[in-house]
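Next up is a structure, given as structure tokens.
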Amino acid sequence: MLDRKDIAKRIAKELKDGWYVNLGIGIPTLIANYIPENVSIEFQSENGILGMGPFPYDNEEDADLINAGKQTITTLPGASIFDSATSFAMIRGQHIDLTVLGAMEVSETGDIANWKIPGRMVKGMGGAMDLVASADNIIVATSHTNRNGKSKLLKKCTLPLTGMKCIKKIVTDLAVLDVVPGGFKLIERAPGVSVNEIKFATEGTLIVEGKVPEMKIN
Amino acid sequence: MLDRKDIAKRIAKELKDGWYVNLGIGIPTLIANYIPENVSIEFQSENGILGMGPFPYDNEEDADLINAGKQTITTLPGASIFDSATSFAMIRGQHIDLTVLGAMEVSETGDIANWKIPGRMVKGMGGAMDLVASADNIIVATSHTNRNGKSKLLKKCTLPLTGMKCIKKIVTDLAVLDVVPGGFKLIERAPGVSVNEIKFATEGTLIVEGKVPEMKIN
Amino acid sequence: MNKVVKDAEEAIQDIKDNATLMVGGFGLCGIPENSITALVHSNIKGLICISNNAGVDDFGLGLLFQKKQIKKMIASYVGENEVFERLMLDSEIEVDLIPQGSLAERCRAGGAGIPAFYTPAGFGTEIQGGKSTKVFNGKPHILESALTADFALVKAWKGDSNGNLIYKGTARNFNPVMAMAGKITIAEVEELVEPGELDPNFIHTPGIFVQRIFHGKTYEKRIEQRTVRNK
Amino acid sequence: MNKVVKDAEEAIQDIKDNATLMVGGFGLCGIPENSITALVHSNIKGLICISNNAGVDDFGLGLLFQKKQIKKMIASYVGENEVFERLMLDSEIEVDLIPQGSLAERCRAGGAGIPAFYTPAGFGTEIQGGKSTKVFNGKPHILESALTADFALVKAWKGDSNGNLIYKGTARNFNPVMAMAGKITIAEVEELVEPGELDPNFIHTPGIFVQRIFHGKTYEKRIEQRTVRNK
């Protein structure tokens, strides 16, 4: 079973040189720490920056330079700053090569729910609905099951949707899966995790073809 | 009868302090020479500039600084430069206080034709269709009749339209007229021009109420 | 074309009860602190606020929620604010949540005279509601309408008396699109200069979109998530 | 993220016959002179060109008309060009005229993932054609669709190897919106610098919109209407 860092490391392996990437809050944010060598990536944050750098050194933080998680950040050489409409022009116009975000539920038809739990205080969808509706290449980074042990990979989402038929790839603590016609296709198993364990943790249809390789993290 | 300069002078009297103004090619361009004292105006050109100044001095012209008529220009202090989409956001979004343009024909319902003559080479509408469709406050600057002596103020336009029901005020070499329900309402006569002469030169319905004053040019 | 007013109080003096306001900023970054403070000191009530976020309990729009001056909030994310949460649970405030990109584009559209546009964001979700839909290139979209406001309150870094604005860093965010969409746009700036001091080539918001401008007296610039690394 | 190519020839080498190109510039101001020259020296034919104007007889896009490399022109104004006029009268070229503001906004929409939007421009004229219409606030509008292109050729003043661009004066015009709308955007610049040399706060076109960039060797910058006053 992978921890949060391992999920981030596995997703980092998907990064290709020259990509522009938008990372959501939580596990996705960690991916920036594991960029493969010889791969140049520029990170976009939807509040209006391309070329985000690491957190600032103590006492060098600038209140006028934050990311979409409201954290203080820095810029790298070649960065650019723009308004919110231009930022979402990049997102909606599919100029972002990869979007990684978390989820509460994903359905086997690629629906995603990650913004609202009925009965609980609603905080809002922020940029998530634009991101999932627009991006051509989205990876969901999530635990396979929730805190109560219930599967997050479902036949049908039970929570209000963030987007419909938009998720194509999921990396969990147990597996890498593609959303294909018919269900979740198992691509890789986490080290030491069996296909049966994954099947058990997946409420939606799991498609297993041939021998499923173990994923390589490092 | 007014000459081109006088038409420009008469329209210049309509300018109010603090207005942003877009001037078309021809007579409208001359208006910039007759801004009343104590009236501060900023001129917009739809190729992407606000705060246009006079033509440059000889040998100071900059190929990268032109107006929509492709003439070399200068900027005044407080000018700003922007892209074409932003420029038409100003126009379509009704941020421009006054638009002045020429016309081949105007109808008594406020239609305007000024871009195309069937059988002749078509050059294109440029920004004219956006300007007339968007502006709240448009003045047409034109001769009352065309070269063949035919009225340009018609019941109905015969040429392909640039815009429909958008013109509210016309200043010609003979008169100032408002487009009102029912026709062209005569507001002012050019010095020495009689109501009958104007009636004779107007094919559309001319509405004359009471004594029509002579316009003041200077 | 001098648009300078003395201070925030003078700038907001004709904002009436039940007015619709756009308020720039993302979280607490780039918010019009001085205009908000002036609103808090006024007794204006029943405001409809369009802003990406709702501030925090004791700063930003949160100050207006404390005094119950806002009746409706239009935003994309309203977390991190307990006062707001209580008002919402008690139904003392109406909330309209909009995807962030649609919010930004709807403001721009309002300023650009585009009454409506199609976006894929929110299709198949409760955001779609009764909105009209259309498929383009095999992908379903929903028709979103423009947003405008009686007043837009924006904050810039530098500005001139013509209303030209320059923002700093990600404090830019929603400010330029809201400046476009306000019937009356009130800009507060950290540095107010004479026309000619700002390079025309590097103006972020052309003065035509700004009706009033003033020099903001104080900026706290509170940081929500101070995140640093060690040397 | 190095997007630098050697020259215009390398930049345009994969443009094929019948490609759709957006070409920045207004009149002869801010046109990608080097990319156009490289196209003229190529034997690429059947091009569909989206550009505000059609150049003049012997400069700008006019050079491509002379060699009959363009089969269709999408523009707002095509005057001042006799070669173009003759081709048009002889029906050797197809022309689609679009109101200038709609042209700019349709390019931006193409780049911004907005498939269609409403505008009042052209309602009640032959431009309306069979387009769908809708009344907003009592005013009729027509639905205009987004424009995109296989390649966008743009010209900037300064650029870095990341593709970030800064334009100079009114040579900006259509370049930024076309840069957004090109599947592959080729930028030529007068000055090519390293990342970090351009202030992130004053970038006109963020590098994400640019796929290739090169230093333009020569710029004639011909003036169409040289208009001066006496000292």
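The chains carry the letters A, B, C and D, assigned in the order they are written, with residues numbered from 1 in each.
Going forward, contacts are C-beta pairs under 8 Å (C-beta built on N, C-alpha and C of every residue); 3 or more make two chains touch, one makes a residue touch a chain.
Small disclaimer: the values here were computed from a predicted structure and weren't measured.
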If you tally contacting C-beta pairs, which pair wins, B-C or B-D? B-D
Centre-of-Cα separation between chain B and chain A, whole angstrom: 55
Hey, how far is the Cα centre of chain B from the one of chain C, in Å? 36
Euclidean distance of C-alpha centroids - chain C vs chain D, Å: 33
Round to the nearest whole Å and give the separation of the Cα centres of chain B and chain D. 28
For chain C, residues that touch 2 or more chains besides their own: 105, 108, 112-114, 119-120, 168-169, 201
Touching two or more other chains in chain A are residues 49, 81-82, 85, 88, 91-92, 134
Per the touch criterion, the pairs are A-C, A-D, B-C, B-D, C-D
In the complex formed with chain B, which residues of chain C make contact? 1, 108, 110-114, 160-162, 164, 180, 194-196, 200-201, 203, 206-209
Parts of chain B lying in touch with chain C, wherever the complex brings them together: 18, 20, 40, 42, 44, 49-51, 75-82, 85-86, 88-96, 134
In the complex of these two chains, what residues of chain D are touching chain B? 26-30, 52, 75-79, 85, 88-89, 95, 97, 99-105, 107-108, 119-127, 157, 168-177, 204, 221-231
Interfacial residue positions of chain B with respect to chain D in the complex: 45-49, 54-73, 81-85, 87-88, 91-92, 111, 121-130, 133-134, 160-165
Within the complex, chain D is touched by chain C residues 105, 109, 112-120, 134, 136-137, 141, 145, 166-169, 201-202
